[in-house]
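Following are the structures in question.
Here chain A shows up in two complexes: once beside chain B, once beside chain C.
Moving on to the complex of A and B:
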């Protein structure tokens, strides 16, 4: 609804996607070099990006529009990355990349579970916990990191399968409650079990957590091969980001194969109507268990990524908030669209982290807020930006659910091929001959009615 | 599409089939009696080793106190769950609204020694504040989504978002740190307590009962009786029950269902707020303390049966007592198992009960409607 009204306002100045995106790049580069206000440049760029999103030209198919959106978001992020590399914000961008990788994996896992099959999984953080803890424990105990990673994701998959076999028969909301509860039980385990505390060389720790987790390919990176051959600004965190991006690519490949296969269509039919699929002789429960295992596999990879990002695992890393963040990225991206998961997590992470750039106690906004809070409660400590972040994230999620439940990149309708030709999508302007004939018939009928 | 079925590894489907058979044959009573026998054996072993002790008085009062807190949260949760057919994950945040209202009142009065009257003012204020926030949540978040015919899944996710917004707005105004309701001195009633077990089998020691505990228990009993009276005897209660039973039928017979939904939110949120006040009187409060009580409240709702208030009362008492009983067992087991920190698992017990109940008897003890 809101989209339509904005579209009408912008209608007279409608321009092509390519022009809009090139203008956004130009504005960004101009502001970065001329005015030296990087933050303003990013904000303006974001505005230009939103403008590209609003442009919904009927001449393009849904898939092309989605691809342009994906391309625009990713290139803008990379451009910002390159432009910011010599500024104090470079660290910020690297950390953002790491978390984008993490949330993309979680959102992809949700997309397999919920976007494709319709399982309401509120226990993403439980799957993440298993992946992180198994990878961390095994690699701390001396297993090569690659095998620890494989065991971690397999462990998460097996665990998810077990959970699914026990509880997936339940109603949607019961399953949601149970899955969120299982995540909390796991956190409690991590908090109290001495066998889940480790650091290299010693197994007896007084505080919960796994410390000094070795990172992947650190030896390869330190062998200076990459340092000399590639960029002088490459640091290990960025290298880790690239490893994560590689894992995301593999996960995306797996999910895409499932998505566009006959198997994926069967899963979609489960999502739309479980009973009908069952009546047609498909064992819905079996498929759901397998899909939960695949989603566990991907979320487990996210958990391993989390262990490598933080180097330390503590129970505080696995609050139910992580599940909520994954859902936010998933819904912003567009449920049922794999490409959307990348866009969703880029937008979510930048939304969540960009407010840290505003964390300046002297700014007008913070001063105003602090004085307001002090007025209401004289004993209040000064406002931390992290609360505002969470408020913004919660509000954005609710607004998306309310005004744009299909997300940034809506799910592309499946169009079957008949004799090598794709059928036109519903509601497209390129009408087939048959529908035009039908329309003509309808018009003549109407005329006939008027005559009567 | 048929190919995919034959490609399935047969071993997995065999495991699933075995599991299906297990679900069909299992009986709730078998597991229940098995657990009871197991507990009895453990208790006898514990008494013989002279390390298992129960302080009966402490057990009763602490359990009733926790049951009161759980019950007040879960009554509203159960009502809105039955009425609107979704699990509201933001319900525990109305709890902290109540608690912080009490602290605000404390602050406004410059922390003077709260007299007896103050507590009742605070309870009423907490009820109203939390109830209004609950109605606000419905207007801002849930009502627009209901009008779009959103699925219960969408409502659940948005309720998590709404809960996070409330929690962080509270954090903005009070900080994430611990806040206390400041009495000048804590008041105890000294009563003789009975201890069972231990080296000398039956001894009695003096136990100081917090006045706050007693207030919480009494206020909760009063509120539950009042709620039952309103639902059973008044015209509004009848309308509420009719609405929660069948919303379209109620609307067609002339009940203003929108108003009834608002009243349900007000009562439900208000009850959670009162439990926050009662909790805040004796314990430190921080913005995330609501979430700690959310999942136990769900355990109470599910064990009691969604929408059944009588069931919630029974379930709250069962869960609170088992949680407190488990403390004795866990602290005793630390010796034989040679490890420390087992007591922390008492937090997990309601979760385990929740999962077991959902698996064995998802309709709960009294799977019925509000008029029970």
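Moving on to the complex of A and C:
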């Protein structure tokens, strides 16, 4: 199943990308409000979204296309909120939103570290832990939540900087291994260190954990002012989701400035070839340490978000699995594309959570699966949903790495548009006669480029 | 004319391989110097040691009077010594212009605070750099490739872009490692002409590694070093070197 054949099939029904997307948008909104059957509405909306994704119009820049894709995905997700409003699944959507925010922050952190600079950081969860624990501890001990949050993200940044300074001189793969270990060490530390346990008004806990963590703006929310202003189905968790979305927005703005600046260009050069960047006069190590700190800042914000989502944090919240989930969202979204991190997290979280919906021992699917397993090995224990989740996520990751390693929203080239200096777009160059005749092996390997 | 580069008693062994074995040489300022020698005789290793990519075992390398041994590659670059690699190491997933806008020194946008605080100044400098990059591309007649990803370029185009990129850092001296390797003969000639042109226009000192003796034996080359087994076995102007008995031996065997 090559992508080429899919594109060939699509050719007759291919129209201008912007027109196609506008129609799809209109259809999505129409379906949302006109179709009473929720399942049908969701499926049709999803089809409209997929249609936007499989378009492959060369007439627009990658940036335009990616922006439309992002807009379509986010719109689709928000429309699902409206469709599912009065169903039992509205709760599912709110929880999904919270974790989308969480994983977007983690994926953004990875995008700065790996997508931009090429650092193979498998210690995301360590950065998250520091952010969560510092925010949680300080606010439980009475510090205003906002300041606790600031200390939390700064703590994660400083921690990441220290780790980077001591271990980043290692080669990529060794650093990756060390970074996994650091997360685990920190988790064990959390298990045994009494001063990292607390609940409001008491520091003497016998079991590890931080309990009753205060949530941001809870007082403001309870003052009911906001309840009147918003929809009737507003609840605090949804409100928390919006707070998280706001944090994501700020992180996104900051990372975007870095991305599309000379600084970002320098970081990309490090990603492409550390040695050459060094030989061209740049102090590579310094930049890598700074970038680890920024990635810590963002992952730390994710940690604070996690503390607010769970209210109670224990060492079990910080298993290495979180790191690999973050990498999955990052790869699905598109390494090197900030907007892609939102898309990647939406897809990842929905997949992960949807497979959880199957967690019903009586469902046809689970019964079928169980009888199959029992048939293969009568001694085997019953299948648990936690394994199924991992299988689904793993399979999707493999499919992406195999068929679309650049992810849903591929990286965009930085092409400075400066007054009066117009250069032709990549791929559309008209070769001058002399270079053409001298080209011994001109390649045109960007033709088969595909987005899905 | 004074010497811009002075190497004395330089050693670099890789285990049992004597890549550089008590090598001494001087390069005159504003000259076009060639370093030739059979494959594996330590030419690239010499460039690696000069540019700080590899540490020398012992010896001294003075560039404009400054000792280079012990300096980091970025510090050596800042002294005005720039190099290319034998296997054209362009940044594959960046455009030609992006590749070229990396090397300039002291860019405003290299400080994190500046890209948030003094965006105007950063943009101003970017415009200047882009102008400069486009001028150099014009000079090399490859302006139309400016926004192309370098992974899409052919071998010959890559070599030209490599040359364009190294010129962006305002070097005093260029070390070019086989700038014409893997390029067809017609483009080789053109590339050489471009290098001479650049050297004269920008007042550069250029040292070129070649393993093909015929390519280098031309009038534009001021001085030739012949290296074998990690040492200089002959040197002089091209005509002299050509007649030297040791050279014939190194290249043709006894």
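By definition in this document, the second predicted complex is superposed on the first by the 375 of 452 C-alpha atoms of A that agree within 3 Å, B and C clash if a C-alpha of one lies under 4 Å from a C-alpha of the other, contacts with A are read in each partner's own complex, and residues count from 1 in each chain.
By definition in this document, a residue touches a chain if its C-beta (ideal position, glycine included) is under 8 Å from a C-beta of that chain, and two chains touch if they have at least 3 such contacts.
The structure presented is a predicted model; accordingly, all values stated were derived computationally and were not measured.
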item	value
Touched partner set for A:266, first chain B, second chain C, both or neither	both
First, second, both or neither for A:387, with chain B first and chain C second	first
Which superposed partner A:316 touches (first chain B, second chain C, both, neither)	neither
Partner chain(s) touched by A:405 [first = chain B, second = chain C, both, neither]	first
Chain B versus chain C as contact partner of A:181, first or second or both or neither	first
First (chain B), second (chain C), both or neither touched by A:258	second
Which of chain B and chain C A:413 touches, first, second, both or neither	second
Which of chain B and chain C A:120 touches, first, second, both or neither	first
Chain B versus chain C as contact partner of A:277, first or second or both or neither	second
Chain B/chain C common contact set on chain A	262-263, 265-266, 282-283, 290
List of chain A residues in touch with chain C within their complex	257-258, 261-263, 265-266, 268-269, 272-273, 275-284, 290, 411, 413-416, 418-419, 421, 423-427, 429-432, 434-435, 437-446
List of chain A residues in touch with chain B within their complex	114, 120, 122, 165-167, 169-174, 176-178, 180-182, 184-185, 188, 191-192, 194, 262-263, 265-266, 282-283, 285-286, 289-290, 320-321, 324, 327-328, 331, 369, 373, 376-377, 379-381, 383-384, 387-388, 390-391, 393-395, 397-398, 401-402, 405
Complex interface listing, chain C residues touching chain A	51-53, 72-74, 77-78, 82-83, 85, 89, 91-95, 97-98, 101-103, 105, 107-112, 115-116, 122, 125-127, 130-131, 134, 141-149, 151-157, 165, 169, 183-184, 186-187, 190
Residues of chain B touching chain A in the complex	1, 3-5, 8, 12-13, 15-16, 19, 23, 86-87, 89, 104, 107, 140-141, 144-145, 148, 150-154, 156-158, 160-165, 167-169, 171-177, 291, 295, 298, 302, 339, 341-342, 344-345, 347-348, 351-352, 354-355, 358-359, 362
